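Listed next: structures, encoded as structure tokens.
Across the two complexes that follow, subunit A remains constant while its partner is subunit B and subsequently subunit C.
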Partner chain A sequence: MEPVLVAQALNAVFGIASLAIVALGLAVVLGLLGVLNLAHGELVMIGAYCAYVAQVNGWPYLSAVPLAIAVCGTLGYAVERWLVRPLYQRPFDTLVVTWGLSLLLRKCAEAMFGLGYKNLREPIAGTVEVLGATYPRFRLVLIAVSVVVLGALFLWYGQSRTGRRIRATVSNPDLARALGVPVTRYASATFVVGTCLAGLGGVLIAPLVPVQPFMGFDHILMSFFVLVVGGLGSVGGLVTGSAVIGGANSVVSALSDSTGGYFFVLALAILFLWLRPRGIHGRG
Partner chain B sequence: MSHDFIPARRRILTAAAGTTVLVSSPGFVRSAFAQPNEFKIGFFIALSGPAALFGPTQRACADLGAEKINKAGGIMGRPVRLIFTDAGGPPAETAKSAVRLMLEDKVDLFIGSHDSATREANIATIKAKVPYIYSPVYEGGECSPNVYCLGETPPQQAQPATEFLAKEKNAKAFYLIGDDYVWPRKSNEQIKKYIAQYGGKVVGEEYVPFGAPNKFEEAVTRIKGIKPDAVIATLVGADNVNFNRTFAGFGLDKTIARLSMLLEENTLMGIGAENSANLYSCMGYYANSPAEGAKAFKAEYLAKYGAKAPQLATIGADCYSALNLAKALFDKAGANDMKKLTAASEGLSFDSASARVTMHGRQVDKDMYLASCKGTEFEVFKTIKAVKSGTACRA
Partner chain C sequence: MGAADPPAMEVTARRARGVPTAARAGIGVAALLLLPFAVGDFWAYQLGLLYLYAIAALGIGLCWGRAGFLPLGQGLFFGLAAYLSGSALIAFDQSWWLLVLIPLAACASGLLAFVIGILVFRRRGESGPYFSMITLALSLLAFQVANNWESVTGGFNGLKGIPGLPGLDSYTAAYYVAAVALIGATLGTGWLYRAPLGVLWAALAHNERRAAMFGFDTNRLKAVAFGASGLLAGLGGALYAPQQGLVTPQLCGFGLSADLVIWAAVGGRGRLLGPVLGAILIGALTSGLRDRFQFWEIGIAILFIVVVLLVPEGLVGVFVPLERWWGRRAHRAPALPAPERLTATRAARLEIADVVVQLGEVRILDRLSLAFEQPGVYCVIGPNGAGKTSTFNMLTGELPAQAGRVAFDGHAIERLQTHRIMRLGIGRKFQIPSVFAQLAIADNIAIALWSGRARRAELLRPRLRRWSSVALDELQARHPFLADVERTAAQLSHGERQTLELAMALLGEPRLLLLDEPCAGLSPLETAAAIELIGWASRRPGATIIVIEHDMSLVRKLADHVFVLHNGALVAEGSVAAIQANAAVQAIYVGAEK
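Here is the complex of A and B:
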């Protein structure tokens, strides 16, 4: 095959993988708790800044992972406990609260780090030959990590006892509570996992994008499209949504230009909201 | 949900409303503190949105300029007051602010340091009723009445830079990539002429949506397949950072030269030292410019704001230059009258943040600096004296 074709195919895979890893946290929180967390993008941003803090202090890149989990986890716990929990079943109010939170987090990042672009070195630099095409190593690593994280989550959610209990909580909270499932604690834990995954996504993409307080918006927009297309509540939906949105964006961008790719993504999202609002894998 | 929440929420709402009223108190409340004789300047800078990155520098440079003018007796003997107004949002919002500044604050002059789309909206709104100085780098050709442009134009930036790429870097095949709005498209129209003039050809041209969540893997792979000798980028801000990082990430920096039409210190910092090889820029101002005027300006700036001062860059320094132009222009014209100002502008000399410059046809002829990126610093390797703007507006 032509090296350019191979590279464009890898770009499509990378587009899907990077989108899935960034959308994962949003999918968990929206799919399982029914909370559209508009501050998701800002949690990705915080994850990226954790990677920046690690770099500035000379810590190894991987140390950003526990740091992001600690910061985003703590934040997620506090947000769920004091902002989201009183507002379950009030989706519009949650929307407003998390939107306000996103503004606050952005301003906090601005106050701490300023508005300037932060430049993160790729922890694994350079390029490698793949089927005749030279491709950046770190992007390949990101693809692999996304596959592993999504696969692990898929297995855990489908097979483990906790996964079963979460599914019970999601489908019928009252019955689950009656059967002794600690619904409140599971909701809290699910939210924390969602925010930690957002932070992890931020750590992973940080060396590839401009890191600045406004970066969150870019990521929540595309993540939201993923969920619109894929449907809520399953890993399969997330993967399908990422494949459709990320893949279409990459392929159309490669064939025409980014304007075409972006137009196509917007058109797809509108079509799905109109004709198939529950998405491809939607429940119920 | 418990109902005792509601009064609390109402209290919060009341408090929020009160705060909003205070913060957005209209012009008449604020101008109660004004002196009657002031020369009021509606100053458009980026206070919100992605361009807000430049806001602190713009404000600091403008304040420094105003302070110097006031020490020297103000403009036409009147003390200068700057009314900073946000131009970081959509153009229509900024144009609304322009109306308020004209009707409520009754400003004597507008100065704008923002993108070209906003300039066009502002000009359509102000309709030459108030003079308007537009300060940043732009596509050239702006001849609306009572508008005075200060920024670098494509003939000033692109002509010397294309000549350098063609002659020194032996570039024959050029690829153009830009954000999809007026500045990149109009600049590229002119850039293509220079490429043809120096015997090169354009092998690709593409635009990415302005303000969309862009990624550049596909464009960079396309460029890699076409193998141009040089890429000329009219991308701004985060897109510029993202493109250049991806470009170097794919290893293209080693073989393909890059010229960025709006590359300043903040953007270069974001691109990073390991991605800035073979990257060039041609601007009228750099923070470490070798020009004596720029050195003096930087010394004054650092003396006023200290080591923690916002990063000096061309966007920001242009605000200082614009105020110097305002003083020279109004003092020479002697009145806020379009005909007198237009006449006074011809051949007018004033100090920019870089050097002494001259206005012709309501544009500025200036020295240009070709720089290559060394890590996250610019290294000026060629100065081209008194380059003409290429636009000559009639009086």
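Here is the complex of A and C:
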């Protein structure tokens, strides 16, 4: 195969993987709890700042992973406990409250790190030869991690007893509670998993994007569009959505400019809202 | 419930306060006009700007507090109008053209918002969060366009050197322009809140399905609300350009959009003056204190979260007890006779032929055919899961039919949207009583009276809230609680709510009335009253009533004709006696084998 084609293919896979890993946390929380967490983008930002803190202090890059999980997990627990839990009966207000939270986190990041862009070094430098094409090693690692995380979640959710109980909780919380499923604890755990995944996504993409307090917007919007197109509730939908959104964005951006790509993705999302409101892979 | 209660709404037109509204409004207007003499030039200038923001915040209150959806990118409309008006001011400096062009700039924003509303609200149901996300995305897109399109917008540095309005170029004049615009916008929005349109917005915010069942195009109504909010933001933006002399991309972006939402929430989104109060108060505090306290903006974000969680009524909520003390008495404006229904009044003919409804593996309706040719009371019976309620849902356009035809007066209706079907002269009562709980009983009744009677333009006339009809007098005589002007529908008992919904379904005077277990959960006494009411309704000439009922003793009292459904198909039809003698029907109910 032509090296150019291999590089293009790898780029496409990388685009899908990075979108999917960032959207995953949002998908978990929206799909399982029905909460659209508008602070998701800011949790990705926090993950990225964790990577920045690790790098500035000279810690190994991998140390950013437990750091991000600790920070985002704690934050996720507190947010679920005190902000989201009182509002499960008022889904619209969870949207408003998490929107306020996104504002708060952004302002906090601004106060701690300033408005400026931070650029991180890639922790795994250099390139590898793949089928004749040279490709950055870090990007391959990102693809691999995304595949592993998505696959693990897919298997665990489909096979395990806990996965089955969460599915029961989702389809009928009252009945699940009556059968002794600790619904409240599962909801809390699910939210925390979602925020930790957002943090992990932030750590992974930090070296590839400018890290700054406003970076969350792009990620929440793109993640949301991925879910609109792909539909909730399946890993297949997440990957398809990432492929459609990522592909459309890069093709139209290359043909016109980034504004054109953004506009096209937005139009695509509205179109899906009319024609397939549950997305390509949506159930029912 | 306490903190969990949604914000109270001012939708009681039949009330007047001790001090006339006009006098209180006069005090407010005088205060706004005299303020610059009290606070000096610097603050007059600051306040002038905040008034423009307050106009846009009014629009947030209209969408969020009234119609129940939250726009997160209102800066788009503010910014668009500011760029348009700024460009016009530069191109036609001091020309009289500006008197036309600046209002047009505001209208362009309103039109854009309306079109976006039409596009996004096309599908019913899950538009809440989707709508918010799309408006957020649009405002970020607008920021990018304004930032990159240098030849038109001046790029990052914006449009500079915009001249003031002709003849109104001083700081004081700019203040008065903003103050007059704010007064006008507040009066206009207040008018909308008092008009049927505002009542319908409040109604669909909490029970969109019910509003659609009265024949109102809820998607269109929401788009109109969003258009009005866009017009308000546009008015603020169009006056911003001459006042500030500079328009930058930041206006379109996230910052202003977020501030508007915060101000509306903190001030109190549920009431007319809440967003205005929030914008002026929080805005003034911010410009005075931002530089003195390092964490001011973090504090504002926390304040916002606290307000959403614990004090949904916002700052104006503080004034509610004060208002009561100020004096509030209920009184009744003279009633106006409601006109006749706009559609034909002849007897309805309904034909359902070979209809199939399938959801996944389950066939809910299986080649169902029913015909209703004559006026009268038809009962539909059948065991649980027979497809009775699904038949109603299919008729009213909520369950799409995969095959078959439904004809009303000979016209196919199986592909029409719910509100169009209902507008033909169909009314429906749900099994679990569905009323507009947050609204006063009088407003619930008024909405039922507007159904099928009010023309589109009439929805702007507050006097429609005084409509009454012969049927209403009759119903109020039978059930005096229907004339209660103090209570909201949420304060009614289950039985009263059943009665209210039944009364609302009757008041629209539909030719075809669908009643889904109208006596479910009623006491024997209430059941007798409901049966009597249905009998009364069926005596109106030409009325066709279809009742889903389980209780055979009620069926015996009501039915002229009975249909028996089983597994989504018709098993038998005929008089009550014939049905009771039918072996197939007995087999279904007793479970006997043939």
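Basically, the second predicted complex is superposed on the first by the 265 of 284 C-alpha atoms of A that agree within 3 Å, B and C clash if a C-alpha of one lies under 4 Å from a C-alpha of the other, contacts with A are read in each partner's own complex, and residues count from 1 in each chain.
FYI, contacts are C-beta pairs under 8 Å (C-beta built on N, C-alpha and C of every residue); 3 or more make two chains touch, one makes a residue touch a chain.
Small disclaimer: the values here were computed from a predicted structure and weren't measured.
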### Query
For A:Ala7, is the partner it touches subunit B (first), subunit C (second), both, or none of the two (neither)?
first
### Which of subunit B and subunit C A:Thr259 touches, first, second, both or neither
both
### Task
Based on the superposed arrangement, let me know which partner A:Ile280 touches: subunit B (first), subunit C (second), both, or neither?
neither
## Note on the structure
Max touched-residue count on subunit A (subunit B vs subunit C) belongs to chain B
### Message
Is A:Ala168 touching anything from subunit B or subunit C once the two structures are fitted on A? First, second, both or neither.
### Response
neither
### Query
Should A:Val53 be classified as contacting the first partner (subunit B), the second (subunit C), both, or neither?
neither
### Query
Between subunit B (first) and subunit C (second), which, if any, makes contact with A:Ser250: first, second, both or neither?
first
### subunit B versus subunit C as contact partner of A:Ala189, first or second or both or neither
neither
### Message
Just to be sure I read the superposition right, which of the two partners does A:Thr127 touch: subunit B = first, subunit C = second, or both, or neither?
### Response
first
### Message
A:Arg90 in the overlay: touching subunit B, subunit C, both, or neither? Say first, second, both or neither.
### Response
both
#### Entry: Touching both subunit C and subunit B, counted on subunit A across the two superposed complexes
86-87, 89-90, 214, 217, 221, 257-259, 262
### Summary
Interface with subunit C, subunit A side, in the complex: residues 36, 83, 86-87, 89-93, 95-97, 99-101, 103-104, 107-108, 111, 214, 217, 221, 224, 228, 257-259, 262-263, 266, 269-270, 273-274, 277, 284
### Task
Spell out the part of subunit C that touches subunit A in their complex, as residue ranges.
4, 68, 70, 72, 119-120, 122-123, 125-126, 128-130, 132-134, 136-138, 140-141, 144-145, 148, 254, 258, 261-262, 265, 294-295, 297-298, 301-302, 304-305, 308-309, 359-360
### Touching residues on subunit B, where the partner in the complex is subunit A
1, 5, 49-50, 52-53, 55-56, 180, 206-209, 212-219, 221-222, 224-225, 238, 241-242, 245-246, 249-251, 266-267, 269-275, 311, 376
### subunit A residues touching subunit B - in the complex, by the definition given at the top
3-4, 7-8, 11, 14-15, 86-87, 89-90, 115-122, 125-127, 134-136, 138-139, 208-212, 214-215, 217-219, 221-222, 249-250, 253-254, 257-259, 261-262
